[in-house]
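The structures considered in this document are given below.
The same chain A turns up in both complexes below, where it pairs with chain B and then with chain C.
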Partner chain A sequence: MAGIKAPVSEQFHSAGQRREGAYLGMWLFLSTEFMMFGGLLCIIWYYRLAHEMQVSKAVEHLHYGLGGFNSALLLTSSFIMSLAIQAARKAKMAHLRSLLLVSVGLACAFLALKGYEYHSEYQEGLLPVLTSQAPLKEPAARLFMGLYLISTALHAMHILVAILLGAGIWLRLRLGRLPMPERLTVIETFAFYWHAVDVIWIFLFPSLYLIGRPV
Partner chain B sequence: MSVSRLFGVYLGALVLLGVAIALSLTGFAHRGPVIMACALGEAGLVLTYFVELKDNTSLVRLFALGAAFWILLLFAGPMIDQVTR
Partner chain C sequence: MISETSHVASTEPSYLEVEHGLKSWLLTTDHKRIAILFMIAVTFFFFVGSLAAGAIRIELITPQGDFLTPDGYNRSFTLHGVIMVWFFLIPSIPSVLGNFLIPLMIGAKDMALPRMNLASWYLLAGGGLFTMTALIAGGVDTGWTFYTPLSTMFSHGHVVAVIAGVFITGFSSIFTGINIIVTVHTLRAPGMTWFRLPLFVWSLYATSVILVLATPVLAITLLLVVAERFFGIGVFDPRLGGDPLLFQHLFWFYSHPAVYIMLLPGMGVISELVTASAHKRIFGYSFVAFSSVAIAILGFMVWGHHMFVAGQSMYASMLFSLLSFLIAIPSAIKSYNWTATYFKSRLTINAPFLYTLTFITLFLLGGTSGLFVALLAADVHVHDTYFVVAHFHYIMVGAAVSAYFGGLHFWWPKITGKMYPELWGRVAAVTMFIGFNLTFFPQFILGYLGMPRRYHSYSPEYQFLNDVSSSGAAVLAVAYALPFFYLTWSLFKGPQAIANPWQAAGLEWSVPSPPPKHNFPNVPVVDFEAYDYPPEATRGRN
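Let's look at the complex of A and B:
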């Protein structure tokens, strides 16, 4: 924030300029992430329009309840991460560490639930390559399950990276190697990534689980 | 940003999620666009308040807008092909 006094490297005039540089760099990175998942979403939507009925048969088998609960978990973790940023700005270190840990815990719960979902889909014979996909008669429905697996697994990998980064930051905070608010930019840019992973899921969830679900 | 405002944004996003799930279980004819509008609303709330785009400099907001513009271009090409066949 503008009022925070912190030493800056010689290439920056002020802490505000350094912060803006960090924000811009992070947004540039996040743009590439959004473009990657945007491409996947584009394929999913094009495929949905081209094979509406067949995709609907695949969507019927997906566990929208688990996906919806996972969406709520990610939204909650984003909210908690925002509270962690507020704590970091006020240098409430114990509070910050606790909130960070809760966020990481919620992301772990997301992954655990996703793992359970994959397991049940494996048992139902829905997953491509690993199973025969016998419940899905149409080739287009089988291919949609391939798109589902690629996009959700790629997203789960991003969640895993976020968990590892979060655990690393928590450890550095615990060891006193990230003084706040002087190193606020570190946790702010990390939170950007956290929220971006949430935003990606916000679009993946309805695109895969909800639209075209037979009533 | 105040904790109460952040909590309000969180509740708003949860309500939009609930509406999207509930709509998907109905026979409403135009549920697809409405469900995606709910998702856009959720993403808007997260980016505006949790990512704090609202309080950022114009240059940072321009970068974010740039990302949205490139995604729009990405979607526009294939969709033009689809809707003009």
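Let's look at the complex of A and C:
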């Protein structure tokens, strides 16, 4: 991913040109993420429209409260990441480090909660793979749970990558290897990725948990 | 801008001599060295894929299945397809010629993201070796398309391992695509405006857009196939609530644009080769440039033409048929403009020119036969027959591979600093043209007569044409093997190349052959148009 590591910069003439390259590279990488999750969302919506009633039987069982709280965690972490960029621009290093840590901490909380959610779904016998999915009778409802598992697990892997990258940047900041604002590109391109993973969740959450839930 | 000087004085060592040792190659971030690494990798994969093709053609000499078992035959054509599509055709021109030439053509010192460039090579090599291991361990019998439910329920080959290899290689494609787009956006030399870019750069830019946007859809599709095989999540299994046709939609959403990933770079090469052999500015520069973009965009909207007989809605088929016809327009614009460029020019007849003619001719045949299969009623007749096999081989082998070989000959002096033996180059080009048509033209007839694809035995009345095809394949094998030998020979014994042996325009010919590590001693300032040949424009060879 562009700009995360120390750049080999001899091909660029100026810092501005290098920054432009890193931004564009990251945007293009994110477009691949959107195409991948976009494909998955198309599949989810295809089955939702084809089997509306059966899918809502599955949606009924999902823990939308947990999912909603998790959405709040992610959005807050995104907000704090924006504050971290502000701090980086003003070279407030201690501030930047602690904001980064809070943001990463919120993402860890998201994963922990997601794990708890999977655990409860496992105990309720909803998940494919490990359980018999006894509460769900219709094949389409069971398939929807499969798509739920694939898409949320894939998203969780992206959160995990974001956490690892964030921790790496925090360490480099701690060791004084990322002077700000000279190396602002590193934190900014990382934040692009962070926000993109959140945006993907914002589309996944209603597509999985909310729409079709009986009121 | 034709460089009249035969020798550009340079004290700087070339990129080949600046460092030595295996490590200096395996850890290089120089785009030119990475291009060489890619060249070695794709040559190896081309060889492996060709061996599998050879096994197929040997089997088809007789109507009975006597050389391979039915299962072995399925595994052979799967190996051939998987290796040729993902490990040769897709990376060939973008990663070898594109990597080498784009920075030189736009006046840059390197690609914008050099380490990502190297990572792309490791991903291709890693994914390739992974796939090769799986294919050697017993292979897979699904065809390169991995159609469900065959791949999810019935296949007993190493489906997951091969899919993993293709998945890894997908990242290589994405990395190369991102790198090309970023490089073209950020590293153009002062004065190198978009409409001064060589058309090779335009077509690789369009290719990269497809690489970046289409490959992730293949990734998720293949992941879902793995999820179905491993965990029983039946996205494509009707018993589990899924839909097998959905797989075809998703697969071709990637794989039809992938056809243009394989073809557009070839069109870019041909645009360069046409102008260099005609010593003329290309006819209708902006039309050729925008037709690349049009092909990239339209290419995303035609995937349903692979599913005319698969049970999709008739109205969808009609729309996909219409959109597929539209692709013919930008393709024809290119062909006409190349031909018009030759009009009233004093041609240089050399091996690159012969490869160019081969490309244009075979592309014309492949393209027009594409109209047959885009036509709903005709497709019902020829679908899944050798007609389709012939059609896409004319495009993907006849056209794309000729362009790769033509480009390799044309830029060989720049890449290696050595001239290839011209006579042998011409012999190989002509042999390729003859061998290719001998192999694949009979397949049009076979398909039209109703011979289905993917069977290891066939009814005896098809034998004569199959034997013509198989003997053509032997000629083609010679044509592909020849350059391997004389180009390797030229590395050691070939005469030293001057900076601009073809008297061609373009920034890449203004630097020494082979270029120094950072390409240009000073940042070039571009105050001339692309293909800046003198106005009289009729000068031939000296």
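Note that in this section the second predicted complex is superposed on the first by the 205 of 215 C-alpha atoms of A that agree within 3 Å, B and C clash if a C-alpha of one lies under 4 Å from a C-alpha of the other, contacts with A are read in each partner's own complex, and residues count from 1 in each chain.
To be clear about the criterion, contacts are C-beta pairs under 8 Å (C-beta built on N, C-alpha and C of every residue); 3 or more make two chains touch, one makes a residue touch a chain.
Because the structure is a prediction, the values reported are computed rather than measured.
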item: First (chain B), second (chain C), both or neither touched by A:P139; value: second
item: Chain B versus chain C as contact partner of A:G68, first or second or both or neither; value: first
item: Which of chain B and chain C A:S14 touches, first, second, both or neither; value: neither
item: Partner chain in contact with A:S120 - chain B first, chain C second, else both or neither; value: neither
item: First (chain B), second (chain C), both or neither touched by A:G39; value: both
item: Chain B versus chain C as contact partner of A:Q86, first or second or both or neither; value: first
item: First (chain B), second (chain C), both or neither touched by A:L30; value: first
item: First, second, both or neither for A:I211, with chain B first and chain C second; value: first
item: Chain C-contacting residues of chain A that also contact chain B; value: 20, 24, 28, 31, 35, 38-39, 46, 50
item: Chain B-facing residues of chain A, complex; value: 20, 23-24, 27-28, 30-31, 34-35, 38-39, 41-42, 45-46, 49-50, 64, 68, 71-72, 75-76, 78-79, 81-83, 86, 191-192, 195-196, 198-199, 202-203, 205-207, 209-213, 215
item: In the complex with chain C, residue positions of chain A that touch it; value: 2, 5, 8, 10-13, 17, 20-21, 24-25, 28-29, 31-33, 35-40, 43, 46-47, 50-51, 54, 128-129, 138-144, 146-147, 149-150, 154
item: Parts of chain B lying in touch with chain A, wherever the complex brings them together; value: 1, 3, 6-7, 9-10, 13-14, 17, 20-21, 23-27, 31-32, 35-36, 38-39, 42-43, 46-47, 49-51, 56-57, 59-60, 63-64, 66-67, 70-71, 74-75, 78-79, 82
item: Chain C residues touching chain A - in the complex, by the definition given at the top; value: 29, 103, 108-116, 174, 177-179, 181-182, 185-187, 212-217, 219-221, 223-224, 227, 231-235, 239-243, 246, 250, 253, 518, 523
